[in-house]
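These are the structures in question, set out in turn.
Each of the next two complexes has subunit A plus one more chain, namely subunit B in the first and subunit C in the second.
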Partner chain A sequence: MTTLTAATRTKVLQRQGAAVALILMVTVSWLVFPRFGSLDNLRDLALQGSFLAVIALGMTFVIITGGIDLSVGSLYALGGVLAAWGSQYGFLAALTLPLAVCGAIGLINGLLIARTNMAPFIVTLASLLFARGLLLAITDEGATTYQIAPDSAFVELGRGTVFGFGYPIFIAAALCALGGVVLNRTNFGQNVFATGGAEQSAVLMGVPVARTKIGVYTASGTLAGLAGALTAAYLQSGVTVIGVGTELDAISVVVIGGTLLTGGMGTVLGTVIGVGLIKVIQNVINQIGTLDSNYQSVVSGVFLLIVVVLQRMLRR
Partner chain B sequence: MPTDPVIEVAGVTKTFAGVRALDDVDFTLNRGEIHALVGENGAGKSTLIKVLTGIHSPDSGQIRRTGRISTIYQEVNLVPLMSVAANLFLGREPRNRLGLIDRARRDAEAAELLRGYGITADVRSPLGTLAVGEQQMVALARAVEADADVVIMDEPTSSLEPREVETLLEVVRKLHEAGIAIIYVSHRMDELYRICDTVTVLRDGRSVHSGPLRELPRIELVSLMLGRSVNEIRKHGTTAFGEDHHADTQPVLEALDLTSKPRINGVNVAIRPGEVVGLAGLLGSGRTETAKAIIGALPLDHGTVLVAGKPVPHNVRAATRAGISMLAEDRKTEGIIPNLSVRENIVLAALPRLGRFGVISRAKQDRIVDTFVRRLRIKVSSPEQKVAELSGGNQQKVLLARWLCSEPRILLLDEPTRGIDVGAKAEVQALIDELAKEGLAVLLISSELDELLDGADRLVVLRDGEVAGELEGAQLSREHVLAAIAAEVMDDADSH
Partner chain C sequence: MTLTATRTRWLQDNGVYVAVGVLLLFNALFTANFLTLGNFTTQLVQAAPVLIVALGMALVIGTEGVDLSVGAVMALAAAVIPLYLGAGPLPAILMALVAGLAVGAFNGFLVARVGIQPIVATLALLVGGRGLALVIANGQLVQLHDPAFLALGTDDVLGIPISVLIAGLLALMVAALTNRTTFGRQLVAIGGNRRAATLAGLPVTGVLVGVYTICGVLAAISGVLATSRLAASDPADMGLLMELSAITAVVVGGTPLTGGKVRVLGTVMGVVLMQLVRATLIKHDLPDSIAQMIQAAIIIAAVYVARERR
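Take a look at the complex of A and B:
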C-alpha cells in the first residue's frame, strides 16, 4: 500500500507535467514560429484536435475500467463512410447510421468482454479487423468514395463556424465537459473507477461491473462513430483510408494525460491536454517545412516513451 | 433471548468436486444476537457464509433470510485508488438538486461518520494511503451504514492492532444495541467470549454444537473445534519445563523475540541438531508466520535469528546460505513447477552450487537426483517424468529433495502432509524422523495434533501470536496441548 502515495504523487505530477509541457510547447512555438500564433493556425489546430478528442474521450473511460479498445480506429473510418453513404437520405440518416452501427459494435465488444471474461485486447482486436473489413466490403475495397452534397445540412455540421471556430470544436468541448461530469459526479463514473481500481472488490461492494464495462465500450464505439461522422462532414466525403493506427493515437493521448494504463485513475481534462500536446507537436513539425511529416510519429513516439518512463521513475 | 430468527438454515449440504464442504448443517441467527461461528481450517465456515450471502447455492436444504446482509471480509475489499469518502459511499452518494453527486456533502458526511470509528484521516485521500487497520474500519463503516439487518464479519480483527480491535469491538457493541444481528467469525477466544451471545461450532462440514457461549467453558469449545471429548482433558498447568534430553548439545537455530505485529509477538524458538520441534496452535495463532520470520520472508518489527550462535541477516538469501530451508504450506503456488521434470525440480535449488560458470554438469545432476529418488523413495517412472503427473505425496517428496540437496542444517516444514493420502503421509512422517536422526534440525508445523505428538520431540504452543507453552517428554499429550491452547482454563482451575 505504500506505493499508493507515490502513485498519487505520480498522478499530480503527471497531469500537471502534461499541462506544463503543453504550455511550454505553445509558448516556445509562438516565439519561434511566427505563423503558429495566428488565429487561423490555432483554429485549425483546435479543429484537428477535436476529432481525436472525441475518440480519446471514450478511450479514457475504457482505460479507467482497466480495459483497452483497439477497434476505435476502424470504427472511426467506418463511421465516416456510413455517414457519407447515409447523407443521401438526409441529415438524420447521416448522423444516426454511424452512431447506431459503431455503437452496436461497441456494445458487442462490451458484452463479450463483460459476460465471457475474454481479454479486451483480443475482443477489440477482432472488432478492429471486422470493422475494417466491413468498411472495405461496402466501398469495393476502398475504390468507391461516397461524397456528401456540399450544400447539405450535414456538411454544415463539420464545416460551420462560430467566430471562425468549427462546430466540431464545440461539439468535442461539450462532450468532454459532459464526460468529466459523468466520470466524477455520477454513479456510473464512480463505478468506472471502482471497476478499474479493484474489480473483485467492486463486485463485492455491489458495483454492477459487467454493466459498467458494457457501458464504456458502447460509449467508446459510439464516440468513435461520431468522430468519423464529423470528419466525413468536414471532408465532404467518406474517406476510407483514415483511422489506421488512430486507436494507438487515442491510447497515447490518454496515457500522456495521466490516466493509469492499469486502470482506476484518470481524468478527462488530462486527455484533452494530451490531445493538445500531440496536435501542437504535429503542427510545429508541419511549420518546419524541411521536416518530413513522418517525423510527427517519431516525435509523438519519443514523447510517449518519455511520459511512460517518467511514470515509472516517479512511482519508485 | 426472544427467538426471532433473521436467518434460518436447515439441513444445508454443499459439495465441491466430491468433497462435502457442508454436511446437513442447521444454523439459526436471531435478531439482535451476536453469533460466533468457529471451526478449524476447512471446517466449512467460509462455505456457510457464502451460502448465507447467496454467493453459493446449496445442493440441498433450506435457507430463510429476512433483511439485508452485509459482509466484511478478512481482506479489505475496497478500492485502494479511490478516496476514502468515495469508498464509503460508493453506490449511495448524496445528490444535489441536479441528481449529481454532491462531493462536498459526501466528504463532510464521511469525515463526520468516520470520526465515530476513530478515523481522523483526510477522507479525500486515496483509501490505499491508510493503514490496513483503518481500511478495515472503513470497510466496517461501509457495511454498517448500508442499513444492514445482518452483518457478517469474517475474522475482522486478524490484521488489526490491539487499539483498533478495541474500537472494532466497541462498534460491534453499538450495532448490537441498534438491534442488528451479527455473525462473528474469529479464532480469538478472548474476543469471542467478550462479545458473543451464542456459538456454532463447525467441524468437517458439520455443525457439532450450537448454543449459548457463556455456558460453554473455553476448553470445551477448543475440544469441540478439534474433535475430542472434553472428558479426556485434564485441567492443570502446563508450562513447567521437563528434563531436556538434548541438553548436551547447543541449539543450531535460535529465534529470539520474533515480533511482527499483529501476527506474532515475541516468539522464541530453539532447535538442536537432530531434534524435531513442533509448532502447535489454532489457525491464525502465528505458526506459518513464525516459520516465515525465521527464513526471513516476513518483515520483522524486531527479533533475531541465530544459526550456530551467529546472527543471520533478515532475508531469505542470507537464511538459505546459513543453511535454513523451508517447505511451504501450499506446494502448488510456492514450490512445485508442474511442467518441469522431477530432475529439474530437484536440482533447481542446488543450481548455484552445482553449476560452474552457469554450466551444470548433467552427470552430476543425475547422480544427485538418483540419490534422492532412492533415499526418499520417490515413485517415478524416470527422473524425466513431469512432476505434475505425480501424486501429492510424491510431489511433496520432490520438494523435500529439492531443499535437501542444498544441504540445509535446519528444515522448516509447514504442513508437510496436508492433502496427501494416508500411506504417503506415513512415509513422509517416517522420512522426517530419519532426517532428524541424521542430525538435521526440524521445525514441524501441522494442524494435526497426532502428527505433532508423534513426530515432535518438543512442542511450542502458540496462541494469538505468542508462545503459550512449551511441552516436552511426559507432557507431550493431547490434554496438555489443548490446555495450553485454551490457556485461560488454567486460571479457572487455579481459582477453584
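Take a look at the complex of A and C:
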C-alpha cells in the first residue's frame, strides 16, 4: 500500500510539476517586476502564447501516439503566407486555403507514416523542407511579402479584441478545451493513447492504429496552418521568415507539460501550462531589460533539461 | 529468396552509390564546366563540414540515438575561437574542441546515465547551446585576421584543400573505429539491442558517453573549419539546421534510424549525393524553392527503399 501511495505521489508530482513551476514563476515575477502584473502585459503574454498553443496542441496528439512532427514550423510559415495571399479573395479564402493546404501536407505525413512504416522523424523532416520550398515558390523565393488589407474582416480575426484580449486567445482556448475533450472523452482519444502505449497490442486488439496516426498528423498540420493564418492576420502580412525552429519550441512545451516522448501518456492542460511557462520566462527576461535577449534560449534550454531530468528521476 | 527480394535488398544496400553514379553521369553530359578540377574542389570544400558532422551523427544513430545539438556545438566552437585567438591559433582551436567535447560528454551522460531519450536530451542543448554561443559572442559577428588560423580554410596540400584532407582522414578513422575495434563492435551491439548488450556485460554507459563525445568533438572540428573558411566567427548562423543535413546524409547513406548498423562509406556517399543534388540544381538555375522540394522527395525515396518491412 505504501508503494502505491508513493507511486501516486510521484505521478502527481510529474503531472503537476509544470503547474507548480508556473505558479511559482508567476508569483515571483508579479512581486519582483511591477510591470509584469499589468493588464497590458498579461494580454500581450496570452496573445503571444496563443499561436504557440495552437501548434503545440496538435503536437501533443502526435507525441502521445509515439510520433513526432518536425514539419509544423514550416507549415506555420506556409499557412501565414497562404492566408495573406488568399485574403485578396475574401475572408473565407484567407482562412480555408492555409487549413486545406497544411492539412493536406499533414495528411500525406500521416499516410506515409502509417502505411509505409517510415520513421515519423524522417517523413516530417522531409515535409519541413518541402513546405519551406513551397513557401519560397509562391513568394518569388521569399522576395514577396503579401499584405492583408488593414480594413478586411480577416485582420479583425487576428487583431480584434474582447475586453482587450485578442481573438486568437479565445480561439486557442476553445481549441485546447476541445482537444482535451477529444483526447479524454472520445474513442479517437482512447485510440491515440492505445497507439502510443503499446502499438503491437493496440493492433491486435483491433484499434485502428493506421487511421489514428493519419488523424493526428492531419490535425497537427491543419492546426499549424491555422496558427500561421492567425499570425498573418495579427501581423497584417504573410511574413516568410517566421517559423524556423518553431517545431522545437512546440516539442519543448509539450515535453515540459509532462507528455512523454515515448508516447502513451500526456495531457492538453500540461501543454497549455508548458506554453505559459516558456512565455513567462521570455517575458521576464524582456522585463529585466539589461539582460541579453539571447539568455532566453539559454534559460529555456536549461529549463527543458531540468524538467526532463526530474521526470526521469520521478519515474524510477 | 525470390528474385525481387534479392533485387530490393541490393537496392537497399547500394542505392546511394547508384544515385551518385547517375548524378555524376548526368552532370558530365549536360552541365557545362562540370568536369573541371576547380569545380570538384569547390564541391568537396562545401561538403567537408557536413561530412565531418555526419560521421559523428552516423555513430550516434548506430546506437539508436540522435544528436540534435551538433549545429549548436558548431556555433559554440565559432564563438569560443575569437576569445582565445589572441593566444595563437592552436589554443583557440583546442578550446573550441574542448567545448565540443564538454557538450558531447554531457549529452552522453544525460542519455546513458540519467536515461533521457536522446532526442530530448540533445534538443535541450540545441536550444540552450546556440543561446550560450550568442551570449559568449555578445550576439556579434567577429571578423578574424589571424593568418595562421585563416590558412586552415584557404590553403591546400598537393592541391587538396586542408579541410577536405581533414574530412577524408576523419572518415578513414571513423571507418576503422567502427569496423576494426572492440568499441565499434560494442557500439553496434548496443544499437541493435541495448538490453541484450547490457545483459552480455558490455560497458553500455561508457560506450554511449564515448559515442556522444566523439560526435561533439567532430561537430566542433567542423565548426572550426567552417569558421576559418568564413574568416569570421558567426554564432548566429554557424551550423544552422546542420543537424537536419547530417541526419539526412546518414539516413540516405543507408544507416537505419533504428540503430544496430553504421555505414561509414554510405554516409560519405550520402553527403556527396546531397551536395551533388544541390550543385546540379544550382548549376541548372533551378531556384531554391524547387531545390528544397526535390531534396524532400529524395529523402522520402531513399528512406522508402531502405525501410524495414513489418
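Just so it is clear, the second predicted complex is superposed on the first by the 305 of 316 C-alpha atoms of A that agree within 3 Å, B and C clash if a C-alpha of one lies under 4 Å from a C-alpha of the other, contacts with A are read in each partner's own complex, and residues count from 1 in each chain.
Keep in mind that, in the parts below, contacts are C-beta pairs under 8 Å (C-beta built on N, C-alpha and C of every residue); 3 or more make two chains touch, one makes a residue touch a chain.
Model, not experiment: these values are computed from the prediction.
Q: Could you classify subunit B and subunit C on subunit A, in the superposed arrangement, as clash or fit?
A: fit
Q: With both complexes superposed on chain A, which partner does A:Met265 reach: first (subunit B), second (subunit C), both or neither?
A: In the superposed model, A:Met265 contacts subunit B only, not subunit C.
Q: Tell me which touches more residues of subunit A here: subunit C or subunit B.
A: Larger number of subunit A residues touched: C.
Q: So, does A:Gly197 touch the first partner subunit B, the second partner subunit C, both, or neither?
A: Touch partner of A:Gly197: subunit B, not subunit C.
Q: In the overlaid three-chain picture, which partner chain does A:Leu128 touch, first (subunit B) or second (subunit C), both, or neither?
A: second
Q: Looking at A:Ser38 after the superposition, I want to know if it touches subunit B, subunit C, both of them or none. Which is it: first, second, both, neither?
A: Neither partner.
Q: What angle, in steps of 10 degrees, lies at subunit A between subunit B and subunit C when each chain is taken as its C-alpha centre?
A: Angle at the centre of subunit A: 70 degrees.
Q: Contacts for A:Gln88 in the overlay, against subunit B (first) and subunit C (second): which applies, first, second, both or neither?
A: Neither: A:Gln88 stays clear of subunit B and subunit C.
Q: Taking the superposition on A as described, I'd like to know which of subunit B and subunit C A:Ala137 touches: first, second, both or neither.
A: second
Q: After the two structures are laid over each other on chain A, how near do the C-alpha atoms of subunit B and subunit C get, in Å?
A: 7
Q: Quick check on the complex: what are the subunit A residues that touch subunit C?
A: Listed in rising order, the residues of subunit A that touch subunit C are 68, 112, 116-119, 121-123, 125-130, 132-137, 141, 248, 251-252, 255, 261-262, 292, 294-302, 304-305, 308-309, 312-313.
Q: Mind pulling up the subunit B residues that touch subunit A in the complex?
A: 71, 73, 76-82, 86-87, 90-91, 93, 100-101, 103, 125-126, 128-130, 132, 142
Q: Quick check on the complex: what are the subunit C residues that touch subunit A?
A: 66, 110, 114-117, 119-121, 123-132, 134-135, 138-139, 244, 247-248, 251, 257-258, 287-293, 295-297, 299-300, 303-304, 307-310
Q: Give every residue of subunit A touching subunit B within the complex, in rising order.
A: 1, 4-5, 7-8, 181, 184-187, 190-191, 193-194, 196-198, 200-202, 204-207, 260, 264-265
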